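Presented sequentially are two complexes of subunit A, the first with subunit B as partner and the second with subunit C.
What follows is the complex of A and B.
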């Protein structure tokens, strides 16, 4: 099993500090589209055996694709995005080690699920897609915390 | 003269204790002038994924102090670069950069302050509130017996450890644990108390 300690509190605090601003940036986007992370199927439908792989994919997704397109004119927001991005990078490296030790295997379902998320993302222009994905970070954090609790039951 | 290049700040260093991180540097001396300083940071993400960009810390932009609290921005367990430059009027120095990276995993963790209370037959402990990043491991034992452990995640209130029998002393010691860096402090001094005849006794 892949055992990785994650300080969700700090990421959650950083995101909560900027969520309202991110949502208002998003509101200016004329194209109202469906969720990137939850369309058509919610993350909560992911099997426990696929959780690690989906988490690994999503951390790579945010680090490689999302954060770099989220620069704003507000230096406070940029600082918070930096702290989230660096926390995600720290996690990404730990999950990569698990993957290399074959403890974070990808089943067909998680691969399909992640392809859907990528398709949702690439269906928008890059800045809208990045800001929308950032705005949906709490969907990911909620799912991860719920998964963590489920594992402790 | 006026156009002489302003020297970059020197002796840039970090003092990091209990997950509070402060950047400090030596003052740049310019006779009869007020020198102001600005600080920027760069995380591993910025280096590897955002074109080595730097991010200003607005609370430490054009300040006269030679110290900056960077705790809020060092909020991931990765390697950070930090730099400082000086301004006098329209003159601006080059950046002075911290030698080597700073990773908060190197913060020094001190044993927690602790107050052991014998409230009648109740063994209580009050722990220093060190912020949300801190948990506490409290060991307590009746003298001559095996110790027991209690993990305390919230230090904002008094913790009940045990109900004491009259006679033997009960001893307590505690250490902090920081999940974000997966490290613990050393243990505090041991403090021992005995059950009281119904009166509170505070031992600092």
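What follows is the complex of A and C.
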């Protein structure tokens, strides 16, 4: 099994700051009726056996596709975003090691789900998709924390 | 188009926001500037990522400035928006929306319930986390401990005589404080603390109790 430690609190604080900032990262996303991560299929429906693979895919997704397109005119927000990106980058590396050691296998369902997420993302222009994905970080964090707790039960 | 100009010339409701305590999620707003009595409102809400706004019939043509959307926003794995429109004398405002509401991270948590008992040299404290809001009394109760399994309690114990205070941070619901002075009053207060997402309640009011008098004290009286 893949065991990776990660400071969720640090990322949470970073996200809370960019959510609460004067022009919130979510306020920059005007499209309320579309979601990248939560609809039509919810992360909360992912089977436990697929969690590691989806997490691995999502960290790659955020590092490779999202953070680099999230530059704003607000240096405070930009600093918070890069600090979150750094945390994701180190997690991405750890998860890749797990994957290489066959501890983070991808089943059909997780592959399908991630395809849906990518389709949601590619349905928008790059900047809108990146800002929307960033605004949905709490959806990812909520799901990861819930999954971590489920593992300890 | 003319109708829209006529209709939407009323100033907008202000400060449209969710106020949430233990996931009882109530939409609040302030009346449009410069409007006195007689303004009516209607409310709609949306599950983020899902394609349509949904009207709230119980909050249609209301004159109050709040609307309870707890039932509609009870799934805390979803996020929501809500919106309000004002009407007066044939005029109306624009729809004014909240920011994105995440019940899991945006709710406030009440302090825990505290019950104390004592022996000669110790006090026992039992803490109970508040329950998540529920639609009806018949519905099964869900403790916030189930919603936030990482929930902890910060407990303060004060010796009323010496004014010395101890602090404890515990995860389980019972705390026994040993080696206390017999026949002495102690006051306990507790707070809930969730590390991630970062949430904490206020402190409960103080619950005071005296340890029993020692055997020697008893003999002397």
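Basically, the second predicted complex is superposed on the first by the 139 of 153 C-alpha atoms of A that agree within 3 Å, B and C clash if a C-alpha of one lies under 4 Å from a C-alpha of the other, contacts with A are read in each partner's own complex, and residues count from 1 in each chain.
As a working rule, a contact is a pair of C-beta atoms (placed from the backbone, for glycine too) under 8 Å apart; a residue touches a chain by one contact, two chains touch by 3 or more.
As the structure is a prediction and not an experimental result, all values here were calculated from the model.
Legend: residue contacts after superposition of the two complexes on their common chain; A:14 is shown touching subunit B, with no touch to subunit C. Of the two partner chains, subunit B is the only one touched by A:87; subunit C is not. After overlaying the two complexes on the shared chain, residue contacts for A:64 are found with subunit B alone; subunit C is out of touch. Contacts of A:49 after superposition: neither subunit B nor subunit C is touched. Judged by the touch definition given at the top, the superposed model places A:97 against neither subunit B nor subunit C. Of the two partner chains, neither subunit B nor subunit C is touched by A:127. Comparing the two interfaces of subunit A, the one with subunit B and the one with subunit C have residues 9 in common. Residues 41, 43-46, 48-50, 55-58, 72-73, 75-78, 80, 132-133, 179-180, 182 of subunit B are the ones that touch subunit A when the two sit in their complex. Those residues of subunit C whose C-beta lies close enough to touch subunit A in the complex are 46, 48-52, 77-79, 81, 99-100, 102, 104-105, 149-150, 195-198. By the touch rule above, subunit A contacts subunit C in their complex via residues 8-9, 12-13, 16, 24, 26-27, 32-35, 38-39, 42, 44, 135, 138-139, 141-142, 145, 149.
Touching subunit B in their complex are the following residues of subunit A: 5, 7, 9-10, 14, 63-64, 67-68, 75-76, 78-79, 82-83, 85-90.
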